[in-house]
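First chain A sits with chain B, and in the next complex the same chain sits with chain C.
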Partner chain A sequence: MIELKDVSYSYPNGHNVLDNIDIRIEKGSFITILGDNGSGKSTLIRHINGLLKPSQGVVSVCGMDPASSTDIWKIRQTVGMVFQDPHSQAVGATVEEDVAFGPENLALESDEIRLRVTNAIANVGLECLEDSLLMSLSGGQLQKTAIAGVLAMVPEILIFDEVTSMLDSVSRSQIIDIVRQLNKRGHTVVYVTHHMEEALFADRVIVLENGSITSDGTPRDVFREIYASGRKVPPHLELAFRLQDAGMISPDVFPMDALSLKEEICPSR
Partner chain B sequence: MSIEVNGLHFSYGKGKKRLTILKDVTFSVGKGEFVGIIGNVGCGKTTLIKHLNGLLVPVTGNVTVDGLVSSKKEVCRKVGVLFQQPSKQLFCKTVFEDIAYGPSNFGMKGDELEYCVHDAIEKVGISSDILGSSPFSLSGGEMRLVALAGVLSSSPDYLVLDEPTSGLSTFYKERLFRTLELLRQNGVGIVLVSHHLEDVLGVADKIVYLNEGKMVFEGAPEEYLSSLSLPAPEITVLMRGLSSSGLAVRKTVFSVEDAFNEIVGALSEKRG
Partner chain C sequence: MEGFLFSYVAGKSILHGLDPRVKIFSVMCLSILIFRSSALVDLLVFTLLFVGLTIIAGSGLSGIRSVRPLFPIFVFIFLMHFFFTEGVALFDSQFSPTYEGLLKGSLVTVRFVLLILYGSLLTSTTRPAVITTGIERILRPLPLRRVGVTSFEIATMMSLALYFMPHLLWYAGQVKDSQLSRGSKYRRDPISGTLSLAIPVLKGSMRMADDVAMAMESRCYQGNFRTSLFELKMTTRDVLVFSFVLGVTALVLYV
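Right, the complex of A and B next:
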């Protein structure tokens, strides 16, 4: 469904950001792209909805070419993007107005707009704040509004670019739950983050370093590889790997959080 | 010599529209002391630190810096603030000009200014090769460290950082904490605001926990971890769970290293 073949990208000043990237993403999958600041994550995903065109190579999204001016409008409706700073995506005065902005610009019938807005707001759990002013919302509520705004366009593919980096732990886990639910409902999800613990929920993790893919596999395999190379993994996972290496717990265990690890070490009676 | 916050109340608006942000906050920051201010988004952390260099003035209560009321002009030089979004703190054409902006406004020039800029960029661990680049051509992590260098170039006695690790990768985070540790050793009082518990607990001498504008805890990290009513790091949650299940481990551990040693010790003993 999404394919990047031998994609490279350089800025006009010659700075090379992506180097021969090959990725194939199947419909309905949940992919996390993990990497440090400046690794090329955001540059990569901006090729999927045509915000950037590759300097070399080809991108294909549902058989369309994001670099083509004839396909671009269809691609923008197929691929929804949510960015790091929800303020940069807010356009309406209230939650309802903001979510309705996209469908209104598609010149849809008012009943269809109403239906889309209601469904999108329900999907992120903001029903009780529908008439609230955006300026009165917390960062987490604002980010949920931004997600609803994208959902109202009914995109098949959802791309999330560091959407939790300005949120506290409570809002972060709520946003991750919403993303997981959307994937379960059939959306293809490409989730960009440098928070490793957020990558645990994906089907597949791709690690970018200096514009190149250095790991690509299941969270279990990729995190083992990262740990083996001496780099940081989430604390509960580092502890699990160390206990496995010391023969204290089963080598097959891959705990998703601290409480699952606790059950492996010392099951509740 | 210290920052003293006494009975600080702050609210926006008046009458029925009054929105109270901070309620009776009292704590101090000594020279060379590392204070971590933690709490969820919206609890008043950023409003609180804006009082430490006079950007905001308390409605009631007071804030003094080395005996001076925080609204005094001299306080701006004593207390450097690094805000959450570094792009809002960078505005010059080159990294050099940005870092030089503070000291040149205090009258520094020539070789002294040149030395000061190089010293500041060295302190944050970035190569001086980028001094001629636009700050907006840098990655998010580099921008944050350049903004920090811009604060350090004025040699503040106290450094206040608002969510400095937000959006920062592990590589830049470790570099930032190395810089902060060196500053602390040189007698700079540090106030680090974060909603990432693990970032603060490992480095702070004192924790201030805010909830809905109220200071609900002030004390050492060890005391913080002992309190079951406050949010805990995931490793501490794990250790509490293991202890409740009968494994003889300490419940206040939050680092992987300490947790590993505790668990291996307890399991080895249990399994004989």
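Right, the complex of A and C next:
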């Protein structure tokens, strides 16, 4: 349903950031795009909701073309995007006002807006903060507000661009739980990150390096490949791979965290 | 944020329930009347009216207290008139305040204080988003599109400013802290100190403006027609209050 065909992109200053990208993303899947800072992740996903238009190649989202101005508003309703900095995507004074911003742009009736706002806020667990000033919220709460603001548009596809990179570890895992929950409820999720740990939950991981895709597959295959090329993987995975190479645990094991690896080695009764 | 200048204090009073357009219109009428009154006695009436409305609003003293930061300005305005109005000198010295200055200074200062107080009564009984929606609806019939903006854009700009003003102050604080912690000295030289703060803050806010614009676009902002979470509805009570304010103002101005 999302398809990028041979997409390249150069910024107006001539900086060539994407090279011949080919990606197909199925409806309902959970994709992680993994890459270091500056590898072109943000540039890539901004093609999906028409914030950027490809210099070469075609993008198609649910049969629409984000580069065409006739489809653009429909596309932006279909594709919700949450950004990195919790402070610079807020547009309202309070949580409910901010969440209402999208539906207001869609020119919905105020009853419908109210309904969507209440639902969206409940989906991210901010019920008791509906009326709070954004200035008084923590980064994690702001980021949940931003997610609610996108959910209030009722998009099919959700794109998260390094949404946890400015948060503490508690908010980080809360946000990841929300994202996984949303995928279970049927949203297609494209989750962009430079943290390998955050790529483990996906159905599929796409690794971006200097504007090109270098791996694409299940987390197990991709992390195996990264490990085989001699680069760092999360410690519990490195241990699992070493144990597998030594024939001590089954090669099918792909632990999400240290605890599940430990359960694999010596199960508690 | 409660208690800040012009901040909203939640409540359920009649004033809270009035349509923002009626409240904005009333404050405008009151401002005109206050500016036209030339006797301290008239201003006493407006002061009593303000006290009455504040009691109705139930916001207590917070409205009055929030005006405190402006106190130096009030004093300044008063002193300017007190000293620089021509007239009968109060003391026998070269730079003496005058009797006329005392009168005029009091009059101008009380007017100014009253304007601010009525303004803060409006903002303390009306959510910022409702005020901007009200202003949007007031501006909508104007031919703004001829000059290239829409009433919706103006309203959006105002709500953005409401969020970003405090945020910018917070951000400036962060930049200042990070500079201080890297050993830069502020107090020595106010000019280069201000510059070295202003430039990174300006740079940061430009980048932020880009990000915000992108986030707004992603949420389908187009600056054309949009609706509001807070739908405005004129009730009979709103119409009555509106007519009353209009009537009284016309009476005072033209009779």
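Here, the second predicted complex is superposed on the first by the 269 of 269 C-alpha atoms of A that agree within 3 Å, B and C clash if a C-alpha of one lies under 4 Å from a C-alpha of the other, contacts with A are read in each partner's own complex, and residues count from 1 in each chain.
Convention: a contact is a pair of C-beta atoms (placed from the backbone, for glycine too) under 8 Å apart; a residue touches a chain by one contact, two chains touch by 3 or more.
On a predicted model such as this, the values are computed, not experimentally measured, just so you know.
Of the two partner chains placed by the overlay, only chain C lies in contact with A:Ser110; chain B stays clear of it.
In the superposed pair of complexes, A:Ser268 makes contact with chain B only, with no contact to chain C. In the superposition on chain A, A:Asp257 contacts chain B only, with no contact to chain C.
When both complexes are overlaid on chain A, the residue A:Ala122 reaches neither chain B nor chain C.
Looking at the shared chain after the overlay, A:Trp73 reaches chain C, while chain B stays out of its contact range. Applying the stated contact rule after C-alpha superposition, one finds that A:Gly149 touches chain C and leaves chain B untouched. Look at A:Val91: by the touch rule set out above, it reaches chain C but stays clear of chain B. Shared-chain residue A:Lys232: touches chain B; no touch with chain C.
On chain A, the patch touched by chain B and the patch touched by chain C do not overlap at any residue. The residues of chain B lying in touch with chain A in their complex are 40-42, 84, 137, 139-142, 166-172, 195-196, 198, 231, 233-235, 237-238, 241-242, 245-247, 256, 259-260, 263-264, 267. The part of chain A that touches chain C in the complex is made up of residues 49, 51, 73, 76-77, 80-81, 83, 85, 87-94, 96-97, 100-110, 113-114, 117, 131, 133-136, 146, 149-150, 153.
By the touch criterion stated above, chain A contacts chain B in their complex at residues 13, 35-38, 84, 138-140, 162, 165-171, 194, 231-232, 235-236, 238-239, 242-243, 246, 248, 257-259, 261-262, 265-269.
Those residues of chain C whose C-beta lies close enough to touch chain A in the complex are 1, 10, 127-129, 156, 159-160, 162-163, 166-167, 170-171, 207-208, 211-212, 214-222, 225-231.
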